[in-house]
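Common to both upcoming complexes is subunit A, partnered first by subunit B, then by subunit C.
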Partner chain A sequence: MNEFDQLLKTLSSIVLQSSPLILAVCGETITERAGLINLSLDGTMLLAAMTGFIVGLKTNNLMLGFLAAAIVGMFFALIVAFGSIRLKQSQVAIGFVLTLLGDDLSAFLGQNFTRIRGPYVMKLGIPILKDIPILGPLFFDQDIVVYFAFIMVGLTWWFLFRTQPGLKLRGVGERPEAAFARGVKVNRVRYIYALVGGGLVGIAGAAYSLDVKLGWSEGHTRGLGWIALAIVIFGGWSPIRGAVGALLFGGTKALATVLQRTFPQISVVAFNAIPWVLMIAVLLVSTSDLTERFINWMPKTWRRPLRRFLRVSAPTSLGVPFGED
Partner chain B sequence: MKLRSWIKLTWPGVPILMALLVTSLILILFHTSPKTALVAMVEGSFGDQSKVLQVLAFLVPLLLSASGLLVTFTAGLWNIGVEGQIIIGAIMASWVALKIDLPTPFQITLELIAAMAGGALWAGLVALLKTRGGVNEIFSGLALNNIAIILTNYLISSPWQPPEGGTFRGTQPFAENALLPLFGESRFSPLSLVLALIAIGMVVVALRGTFWGLKLKALGKNPKSAFLLGVSSERELVLALMFCGALSGLGGAVRVLSWFDSLRQSISGGIGFLALLVVMLSAFQAYLVPPIALFFSIVLMGSTTLHLRTGLHPSLGGILTGVMVLFVLLFGDYGKLFTRRRKINPPIVQDSSHE
Partner chain C sequence: MAVKTNKVNPLLSRTMAALTPVLATLAALGVFALILMALGANPIEAYGALVEGAVGSPNAIADTLVKATPLLLIGLGICIAFRGGVTNIGGEGQLVVGAIAATLLGLKFPETPGYVIIPLALLLGFLAGAVWGGIPGILKAYFNVNEILSTIMMNQIAVQGMNFLLRGPMIDPVQLQAASRIPQTARLARAFDLPRLVPTRLHLGVLLAVIAAVLVFIFLWRTTIGYRIRAVGLNADAAKYAGINVKRYMVLSLLLSGAFGGLAGAVQVYGVTHRMFTDGSAAGFTGSAGFNGIVAALFGQLHPIGTIPAAILFGALLVGANKLQRVVQVPSALVTALNGLVVVFVVSSEIWRRHQAKQNQNVEIEESSTPEKEVTGIV
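Our next item is the complex of A and B:
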């Protein structure tokens, strides 16, 4: 195998590794665009990964596994939505408790199913398309989870920015009073998209245990939910930018593995810190005043594209509860 | 009417009973009777003197972090980085214990000061990222937690590995004079409990009786108007976080110098997150923090005993405390739960452009 094929193989594995993260980012982007923060991602994905694996194993049916994981995701999202909308409690508090609870529940309920082989998603190349040079092996010689993730990115983008219900969704997240005055049932919309987003996050969890990181063990996907939450911010609440962020994250991890082989004298554990340092750096660039100063220091014609590229702004009413009375 | 006020009075017990019920159901799912679990929990924490001392030893760092978190929550901050602050405190204390050799009182004082400084600086990083960089403290704190864990693993596996070779378990045990004086054969250091009680006392006084406490409250309730009234939000936020970091760092020192005798891989083991739950359950009331922290310590130690006896995963304690906090958050407030919603039609907006 020559160098080029090796590179192509690495890149296609990055695409595969990133697809669950892309799904989670899409789900959370939808929820947050509607103005609700579901902070429970890390716990939700753990519990969903565990549930998806056990259901898939017991029924020997992958679809049921993914379905069960989606239900888990929707259930946690429902708790966050109900708690913040109906009971008017802090979204962050509920989300955080659910993060810890999901972790502990998955460790306890899945304790008899650790480190065993289960069903997994088969590779399914798309005929003709997979023979396109470069793009074929990267995007069309993968499995159904990858296709689903990329279809969801496009679908989410199209829905959010090109359809009437998508406009309503964004209106609810930006100016709920205005949407309400226009007759939109703000809180009903928030419930619906919390459930949709939660379902996708659940599927993302099962995509790990049934496809990308096979099987179940305690803390199987720990930390990835938080990474997804940070990527949503980095992606500026756009599914396409978010997907790029997830792919870049996967790429950095692959790069770290390569660097580790090249520089064996540096401790292995140092490379584990890369995602977290990256998380802080990326958020710093997207939100810091320094970036704004840097942009203003640049030539005038560059400012607009640079600002579009570097800066993000959250939905105006993100995390702000809306009282209909 | 009488019945209603009676229900209102006993309402806070309802979410707690619900949490016990849910946990019991999970136990039954695993063919264990809740009674077995209860017996294990009670015996595991009150069985004999050593068990009680174990609970107290576990309680100290929890209480220290929870005291610090009362301050950051008052300022309206989500200091999830508390876990990392504990770990950095443990690392700093270990550093002094391994590299410096002084007579016991000076040695321990230096270790505790180093731990507090380390925790405060780690928290200061979160504060700086928030005030200067606009990075939400939840994300920076979480990333720094993970970096602290990775740093511990690095130290244990390379520079501080025991002379007999690299195990991933921990450093070599510290010298006798570097450890906190313990009560008998236990892991409990009475001195550390005294420090923790002083800490929570200080927090109560600071929040109730000082101008600083008042400023923090103003910040937490409404940052904008506090700023307009001349409260320097940056200074207060940095101070609040560093105060919490210092107390958590002290907790980390207690972990390495009394609970263990060396720096270990999971040196905190989630005590910071547990402290967050304690303070959330207390609804930010300082006087409720010690009893809740004690109760959580009992549950956690009990579930370890349950694990040793029945082989059930020790995360059961985390489930019980987590469900309890969740239900109290959701259903604890009688007023919010049972006030009737008024149904109002959307106002009819006149669109002036059509006129």
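Our next item is the complex of A and C:
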């Protein structure tokens, strides 16, 4: 029984740890579905985590902290959108420079706020639901950030695949000419969803500093933005698959910690490197032609489910600027 | 300011192209002056310190050039990759791997004469970097794995590998005995130090980097292979129809790009640090040269020769900023912010300039202009 409780505790902490990543993946999925790449995630999240923490600390109001973080995320997304739509520049270059800028800026602006205790999100169990065995402690005895993340997954999926504006959004990312011919203002749509996605990424940053990895220190969330970008691809630009990817990533990290305790003779570094190797492997499986060959080599009846499971394809016009004139 | 006389006077447009980053740097310094004033520091005094720190004495100049060397080498690799239509953000990892390989060789054969070890170490660093850049290249060309993400991941893997080696197998025996266990290797034999050019910290690597820049220029613009790399970068489809094996050249660009990163690492160890050390992150050893080199290359219009002054400028900023910080007593992180400010101004001015150039329909596509086809898709 004791061991079972232990396992449950680990699993519920995985759910908590993964929720900011889930939010970031949702945000970037929305942006990329509209055909725009916001590569600045790593820098955005750092700056948003720093801003969210300081605002939360100064005002002692968590909501304001998250709001400020969302604004930071939207601001960076706006730069990417403006640079690529209006100035027709490489989204990748702009995003990369913003990554560096966000990193430097957060280190500079946040230097007087490192390693201090600030406000944090309280645990908030949902009555009745949290008493459901297993599922209760995993999903309903968490805090509001976790609930928000999971609600956003559902909401994003529903919006993208079940609503009229969602269809428009995807149309803009797949065939902007066709969408334009049907009267959709392609670039306006891209601006809007860049902002929405950027806002979510900002909230994800603050979710670290105010909830999952409390406080602020230089390079607080460094690397996680890149992980989120890889998970978006792994998730095949679907929020649900992306959320599963984020949970799996959290799971492997937790597993690495457990394994490390079990095998202390293996260097901790080997375990630190695992997520990164894993991400390359994941990209390899989801995008390479080898997988297609493997699928074709399998029995016929297995191919369709396997393909659905293993293969992903990017929005056709991802990263391609669209000139309305 | 718009480049209206483009067709009439291509020289003017090229001058503009070269001047824009300089003007942007000045603008960034202007904004930084305002920040300094807001913090209660005297900007004139601060910039005096910056200039003095960067070029005020032979030693300062030498330090600037030494600091510029890894930026230039990384930047050369970036020129090759971006010209070849692939994005290499793995400079940090490639530098680290090259440094590790070179250090291992030096530690393994402490008695061998320097004239044998030094060239071998540089070669080994070059090769190690090539492997580290080649892996994302192969993944990109044959398995369709996005190289931006894979080079970032490779950075992390290299850093973890470095942390492992420097805390374990490669740790300085003295550190083991003293039980302080600072993660660094033993100092390489003094015979392996890159020869000093004049009695300053200026080492042979600086000269090597400049020679490398000329070689890369010749390679890209005067050889068939270089021509094909650029052809693939300009238009992969057209290159394919022309019978160029696009995939192979993609791998080659990333491989060569990584090789220069590895060389930068080897030069850094043999010329400057003479040992490897880590603070757990990549920047502890590389000083973010892997990222700053990208900026230097962009600053230098992705041209190997243009990257030389760009790297020197950034080297000067880095060296001078230290002095600035000591003299006017501003937080050290402000120095990083200055760097970031320059980058943002330069990149945005470049964007503005090209936008202006595009508005003017008469732009002729010059040989040396930045590739028109930008790196786009994420997959």
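Some observations on this one:
We take it that the second predicted complex is superposed on the first by the 324 of 325 C-alpha atoms of A that agree within 3 Å, B and C clash if a C-alpha of one lies under 4 Å from a C-alpha of the other, contacts with A are read in each partner's own complex, and residues count from 1 in each chain.
Simple rule for what comes next: contacts are C-beta pairs under 8 Å (C-beta built on N, C-alpha and C of every residue); 3 or more make two chains touch, one makes a residue touch a chain.
These figures come from a predicted structure and were not determined experimentally.
Partners subunit B and subunit C, brought together by superposition on subunit A, clash. When the two structures are aligned on the shared chain, A:G223 is found in touch with subunit B and with subunit C. By the document's definition of touching, neither partner reaches A:V258: not subunit B, not subunit C. In the superposed pair of complexes, A:I280 makes contact with subunit B and with subunit C alike. In the superposition on chain A, no contact is made by A:M298 with either subunit B or subunit C. Of the two partner chains, neither subunit B nor subunit C is touched by A:M63.
When the shared chain is aligned, subunit B and subunit C each come close enough to touch A:F108. Look at A:L318: by the touch rule set out above, it reaches subunit C but stays clear of subunit B. Within the superposed three-chain model, A:L129 lies out of touch with both subunit B and subunit C [touch as defined at top]. In the superposition on chain A, A:V92 makes contact with both subunit B and subunit C.
Within subunit A, the residues touching subunit B in one complex and subunit C in the other are 39, 83, 87-90, 92-94, 96-97, 100-101, 104-105, 107-108, 111, 223, 226, 229-230, 233, 267, 269-270, 272-273, 276-277, 279-280, 283-284, 287-290. Subunit A contributes residues 39, 79, 82-83, 87-90, 92-94, 96-98, 100-101, 103-105, 107-109, 111, 180-183, 218, 223, 226, 229-230, 233, 267, 269-270, 272-273, 276-277, 279-280, 283-284, 287-290, 324-325 to its touches with subunit B in the complex. Put simply, subunit A touches subunit C in their complex at residues 32, 37, 39, 83, 87-94, 96-97, 100-101, 104-105, 107-108, 111, 219, 223, 226, 229-230, 233, 267, 269-270, 272-273, 276-277, 279-280, 283-284, 287-290, 314, 318-320. Residues of subunit C touching subunit A in their complex: 87, 89, 139, 142-146, 148-150, 152-154, 156-157, 160-161, 163-164, 167-168, 281, 291, 294-295, 298, 331, 333-334, 336-337, 339-340, 343-344, 347, 351-352, 354-355, 358, 374-379.
The touching residues of subunit B, when paired with subunit A in their complex, are 26, 29, 78, 80, 129, 132-136, 138-140, 142-144, 146-147, 150-151, 153-154, 157-158, 273, 276-277, 280, 312-313, 315-316, 318-319, 322-323, 325-326, 329-331, 333, 336-337, 341-344, 346-347, 349.
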